[in-house]
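Got some structures for you, see below.
The same subunit A turns up in both complexes below, where it pairs with subunit B and then with subunit C.
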Partner chain A sequence: MLLEIRDVTVEFSSMQDKITALSHISFSIDRGEIVGVVGESGSGKSVTALTILGLLDKNAKVASGQILYQGENVLTFDKKRRQALRGKQIGMVFQEPMTALHPTMRVGNQLAEVISRHRRIPKKAAYQLAVASLDEVHIRNPELVARKYPFELSGGMRQRVVIALAMAAPPDLLIADEPTTALDVTIQHEILKLMKELSEKRGTSIMLITHDLGVVAQLCRRIVVMYAGEVVETGETAHVLNSPSHPYTRALIGALPDRADPAEPLQAIPGEVPNLRARPQGCIFASRCSSVIPLCHQEPPVLEPVGEGQAKSHKAACWVR
Partner chain B sequence: MSIQAKAQTDIPTERTVNPLWYKFHKNPLTIFGLCILLFFLLVSVLAPLITSYDPTKINITERFSPPSAKHWFGTDEVGRDIFTRIIYGARLSLGVGVAVVLSAGLIGSVVGAISGYFGGKIDQVIMRLMDIILAFPSLVLAMALAATLGPNLQNAMIAIAIVKIPVYVRLARAETLALREKLYVKAALTFGIPPWRIIARHIIPNAISPVVIQVTLDIGDAVLLVATLGFLGLGAQPPTPEWGAMISIGWKYLIDYWWYPTFPGFALFLASCGFNLIGDGIRDILDPKVNR
Partner chain C sequence: MKPLIELDVVSKVYGTGKQQIQAVDQVSFSILQGETFGLIGESGSGKSTLGKMIMGLEAPSGGTIRYRGKPLWVKGRYQRQNPGETQIVFQDPQSSLNPRMTVKQIITEPLQALPGGERKSKGSPDRLLALIKRVGLKAEHLSRYPHEFSGGQRQRIAIARSLITDPQFVVLDEPTSALDVSVQAQVLNLLKELKRERNLTYLFISHNMSVIRYMCDRMAVMLKGNIVEQGSTRQIFHHPTHAYTQALISSLPSLDPGRKVNTHV
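Take a look at the complex of A and B:
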């Protein structure tokens, strides 16, 4: 097991109140595995990523749980070890390739800086590797691109550069926070293909944060569905998408536009994400759920296996079966 | 490098008139200031070629000669050529002014970036310290510092630099606060770049532009401050050919030998005028609210 998140709770406190952004979430990522983390905006996907990296803002606090990286709890690491973990072992790709690059530094120099840090080699040699790494992320004419500034590159190119930066170490785990959301559809496909290729070539695990179930179906072996800071369903992608057992997952799948019948109106999930300042006593999804029973309002459900045999890793947090 | 890559970079890019330069040369006063400055720059660089006199050589037989073909601006109480001293003084004043403001700008931006980036207690301590410096009128504080450190040119420079630092700290800090939240700074963290390197490579280069503008605005002020301290006897000491020090001795002879304090004073006036015109011009050009 490369990364294991156990019962992690993250709270943000402001002057007046406390928001529980993550509530007792647990999931794991194996070596070389691509895990999709899905959920709508505000479900805690990005907070999870920042918690793993130790880059939460100062007003955030990890209230419970452990994050085990190769068996060690990173939450107990001091600043220096945390710093060493970032980039070297865990890389991150951001949603906005437009702003994730240093605007006044040539692309090659940015890459060389990171490479020379991680591999402890002189800048000159690092620059050669930087050009090579641009080639690796399928940028045509890497020598030329290395001498360009980020504003001279297209969105897709920039995202490739960001991926090259994140993979520079190379890390064992890559966290990709909606890496294709800001790109157009054809480029999206290429970037995803690139990430999959790099993962297979180097054995890098990827935690792919997205709200696009189609992407997950294509790329990920396993899926984690999050809602309002909780993991509501997890399991092998095929099991979860073919026989979703949490009403939220069903609703998410139902909300996908139907390609067969474009005339059909889009399905939305009624209601909105509940107020995280005051979590309800029972199930967090109860207020929007279509198959709610009285028990849902009284007690929070726990993540339990729903399948038999092969599908045993398929778990959901729901009272209704 | 491949031949193809080379070929692509060699394609000439279309040149258009730089809009900043356009605004700049549309502003006659700024151009006038620039001319004054270039004049002083030229004169100080070419000083030994322009005049054959030694700025500190005493020549008692020619003391207090009025302006003439031989001594354009006359001579002083020990027979030194005032024109020569003013020219060498230009070297000194401009050099010192630029050096002081540049070092204040450099130190100020580093301190400001650190303050803004780390925040918290470090920020509090640094900013309150700067507030203390800012609470005093700059001339009074510079005088006090120069007097405490001992009256010579080097200490006067240090004093003026200290007085000038807070402005740069504040500017750099304000920029840093905005930059710190930028995604590329956070991304740099995730790529494993340590904080001091992020400050040096990612924050300061992007926070520097307001500092640069402030530097150009401040040089004239610094030149004037150097001369003021010199005039008060807290800066350059005789026989250094420094404008302030020259006026300080010369004003006692004003009634009998008018040329002695007048010409250094005029040089000082012209120089600070030039710097201020340029400073105002640059501010107008870069201020998006002033549209002309």
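Take a look at the complex of A and C:
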């Protein structure tokens, strides 16, 4: 087990009130494994990433739980140790590659700086490695591209550079938050392929955060479905997508236009994500759920195995199922 | 069915001198009365520029665009149609709604282009109320401001604004791209219902193949300012002929987890 998130609750407070952005979430990532964390906006998937990285704003508080990285609770680390973990052991790729790159620094120099820092080698040797790392993310003419500024590159190329940066240390875990959302579909495909290849080659684990179930289906062995700051379902991707157990996962798949009959209306999920300031007493999805029973409004369901045997790792938090 | 809009070798060049960019290159297609015509392509392919030229927001550099048989642009000047007959809904309701206007002001603003009598009749309180309810909002929402609404609700406001003038033709430029899947489904359903009820014709611009497949009768695929393939949506999805269309369809993330990320182009 590389990373284990145990019962983590994160609260944001402002002058007036308190928002529970994550409520008792638990999941884990094995070595070399690609895990997809899916959810819509407000589901808490990005907050989860920031919590792991220790990049939450000052008004946020981890109210409960542990984050175990190689068995050690990183929440107890001091600032320095936390920083050493970031970048060196945990790499990051965000949605917008332009914001992750220094706008007035040549790509090769940016990479060389990171490499020389992490591996403690002189800049000149690091520059050679930087060019090699561009080659590794399949950038053609790496020597030439290394001399370019980020604005001279296309969105897809930039994201490749960011991936090269994130993999420079090289890390054990890569957290990628919507890495392909800002890219065109055909480029998205290339980037996903690249991430999978790098993970297989180097044994890097990837936590892939996305709103796109299709992306998870293509890339991830396991899936974590989040809704309003809770993990509602998790398991092997094939298992969860082929026989979803939680009504939210079912609804999410049903709402996709991918296979819908154009003559029929799409199965929209009625209503909107509930107010996180006032969490309901019972199940967080109850107000939008089509198979709700009275118990759902009284007590929150816990994440439990859906079935026996092989299906044991497939868990859902639902009273009805 | 007769064409409502015809594009005949339409081009658009941005910039001057050495820094010219051919955004749209001799594009021809027509949109039939009552259909939803899809335009797909990646960023920079020229699809939004086409939408803008049809709406009168950008002048074409060459070619003709006809609306009901009459040229829309003559010598670089937009020939104004019956005001409010064509409308547009933009991608990002965050930036396309004026934050300082109430929902009522936003929705009724297009009426100002109409002659006095029509303005009054189309903007009557009853009609406004019926419209806002039809798009799934409530009467009390009329006095609120855009920031008080979620993304999906804002797009409903933008849709109401586009319908207040009773248009015949609506350009939908990535209307659900900024929305979550579950909300996207609500908005797509609404757009389909409204089209049926009001006998509208849509130009649906999107980069999302699944959305185009679900929404459109016919479609065109744009690549670098050119249309590389056009035809019925069904036919294109079943037998894509151009390599780029094939790439688009094969890179559609499929929900079958067994399917590996495969190579193309």
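In this section, the second predicted complex is superposed on the first by the 312 of 321 C-alpha atoms of A that agree within 3 Å, B and C clash if a C-alpha of one lies under 4 Å from a C-alpha of the other, contacts with A are read in each partner's own complex, and residues count from 1 in each chain.
One rule holds for everything that comes next: a residue touches a chain if its C-beta (ideal position, glycine included) is under 8 Å from a C-beta of that chain, and two chains touch if they have at least 3 such contacts.
Keep in mind the model is a prediction, meaning the values are calculated, not measured.
Q: With the two complexes superposed on chain A, say which partner A:D212 touches: subunit B (first), subunit C (second), both, or neither.
A: The second partner, subunit C, only.
Q: With the two complexes superposed on chain A, say which partner A:P122 touches: subunit B (first), subunit C (second), both, or neither.
A: neither
Q: Would you sort A:R147 into first (subunit B), second (subunit C), both or neither based on which partner it touches?
A: A:R147 sits against subunit B, while subunit C stays out of touch.
Q: A:P294 in the overlay: touching subunit B, subunit C, both, or neither? Say first, second, both or neither.
A: A:P294 sits against neither subunit B nor subunit C.
Q: For A:G71, is the partner it touches subunit B (first), subunit C (second), both, or none of the two (neither)?
A: A:G71 contacts neither subunit B nor subunit C.
Q: Should A:E96 be classified as contacting the first partner (subunit B), the second (subunit C), both, or neither?
A: First partner only, subunit B.
Q: Who contacts more of subunit A, subunit B or subunit C?
A: C
Q: In the superposed arrangement, which partner chain does A:I269 touch: subunit B (first), subunit C (second), both, or neither?
A: second
Q: Please give the residue numbers of subunit A that touch subunit B in the complex, ascending.
A: Residues of subunit A touching subunit B: 53, 55, 83-84, 86-88, 90-92, 94, 96, 99-105, 113-114, 117-118, 141, 143-144, 147, 162, 165-166, 168-169.
Q: Flag every residue of subunit C that touches subunit A in the complex, lowest number first.
A: 42-43, 150-152, 180-186, 188-189, 192-193, 207-211, 213-215, 247-248, 251-261, 263-265
Q: List the residues on subunit B that touch subunit A in their complex, please.
A: Those residues of subunit B that touch subunit A are 1-2, 4-5, 8-9, 182-184, 186-194, 197, 201-202, 205-206.
Q: Flag every residue of subunit A that touches subunit C in the complex, lowest number first.
A: Touch residues, subunit A against subunit C: 40-41, 155, 184-189, 192-193, 196, 211-215, 217-219, 237-238, 241-242, 251-253, 255-260, 262, 265-269, 272.
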